[in-house]
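In the part that follows, the structures are each spelled out as structure tokens.
Note that chain A is present in both complexes that follow, paired respectively with chain B and with chain C.
Moving on to the complex of A and B:
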């Protein structure tokens, strides 16, 4: 019975050479996916919202709904 | 006897886990199954003891002597498997002192089995313990579910009365106030409400 001698050395190095590039690549992909899937749309949503935002009008709407404690609704 | 089993924990992890399961699950047929498997494990270990350590009292292990162990992380145990050799084994051991190329395949295998109990594949053989574990787990889930749901619906109510803020009217007023305050108007709550048409988008 003569089996081939198994690899005795360099096992960690071999594993790292295989797994580390994959790990880095997948991490970069995950980061890019999060950036372009989540943060960029969110920034855009905020920008669009505040382009059309009239502060005074919103304040008066909220005041008339009665949610403020410092000002009562108009007409009271 | 229980201490003997627990001491051998280092060497027979299967039997000790069965013992602990026996201690926890003493219900009906499950307990029978496990006690049968535990008895099997114990008789195996008893057989191993009796044929090799004739200088020890039957049930007590002399832990001050080097011990044999089948462990994946210890390839060469402290003592060989068979200490007491009969005459054929002794002559084989004499042959072992010469060149190994002179030994036949069967002799080499006999020498291996003298020195070791299990081979690595035999040590790594899968046990069917997981089925007992999963089965016992599901049985306990079922019993717990029966008990808790029974208590909840049919017997004394285990929960106190709900807070008044959970009622339909209060919830509606709460939602209206959140919309008035413009909670999360960009991506969240109030963003889903159409303020012009007074309805959900």
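Moving on to the complex of A and C:
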């Protein structure tokens, strides 16, 4: 029972034509997933934190904790 | 000699499989598969081919996006015979098996087609010699 002649040309080209668009699409999906799953929530968290941030109050807390060299705590 | 363009599929040639040595923007004559095969059979049929030309030819051929036709391999094996190079003959068989990649039906077909040549020239396959196992 003799074997039929298989396809022997262009095998890599065929494989790449199939897989590369998929690989490209999946890479874009991965990048989009990371952007909207990680970086955007992170940026939003920072934005939310600093929206209600009272710089003067926090400065005075830090000053009284004694962490600055340029200003001494109030009352010294 | 033009080398294989892996990406033969673009807007003009996506559905049909274009021959090996073709670029879709060139005005050069496109070489058919038969012309390609004939050219390589002729290359290895040179009576006074030397060892360098055999190796160069095989390396170039293996670089293409195809598994060589049995008639090309037959011509190459006969060149090995003229050069008394059994090692290269067996290496050629190993190379085409590797070129087939995941397509496991190609190598058995090639061995089937080359069987008369292998017997005539007394070439053992890597499987006969147990060289296909690690």
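Please note the rule applied: the second predicted complex is superposed on the first by the 75 of 76 C-alpha atoms of A that agree within 3 Å, B and C clash if a C-alpha of one lies under 4 Å from a C-alpha of the other, contacts with A are read in each partner's own complex, and residues count from 1 in each chain.
In the analysis below, a contact is a pair of C-beta atoms (placed from the backbone, for glycine too) under 8 Å apart; a residue touches a chain by one contact, two chains touch by 3 or more.
Since the structure is predicted, the reported quantities are computational estimates derived from the model, not experimental observations.
If we overlay the two complexes on their shared chain A, which of chain B and chain C does A:49 touch? Say first, second, both or neither.
Only chain B; A:49 stays clear of chain C.
With the two complexes superposed on chain A, say which partner A:67 touches: chain B (first), chain C (second), both, or neither.
First partner only.
Should A:9 be classified as contacting the first partner (chain B), the second (chain C), both, or neither?
Second partner only, chain C.
Figure out whether A:22 sits in contact with chain B (first) or chain C (second), or with both, or with neither.
A:22 contacts neither chain B nor chain C.
Sort out for me which residues of chain C touch chain A in the complex.
Result: residues 6-9, 14, 17, 20, 33, 65-69, 101, 103, 105-106, 108-109, 112 of chain C touch chain A.
Please name which positions on chain A make contact with chain B in the complex.
Checking each residue of chain A against chain B gives 1, 42, 45-46, 49, 58, 61-62, 65-67.
Hey, which residues of chain A end up touching chain C in the complex?
Listed in rising order, the residues of chain A that touch chain C are 2-13, 16-17.
Could you list, by residue number, the parts of chain B that touch chain A in their complex?
Spelled out, the residues of chain B in touch with chain A are 105, 177, 180-182, 185-187, 195.
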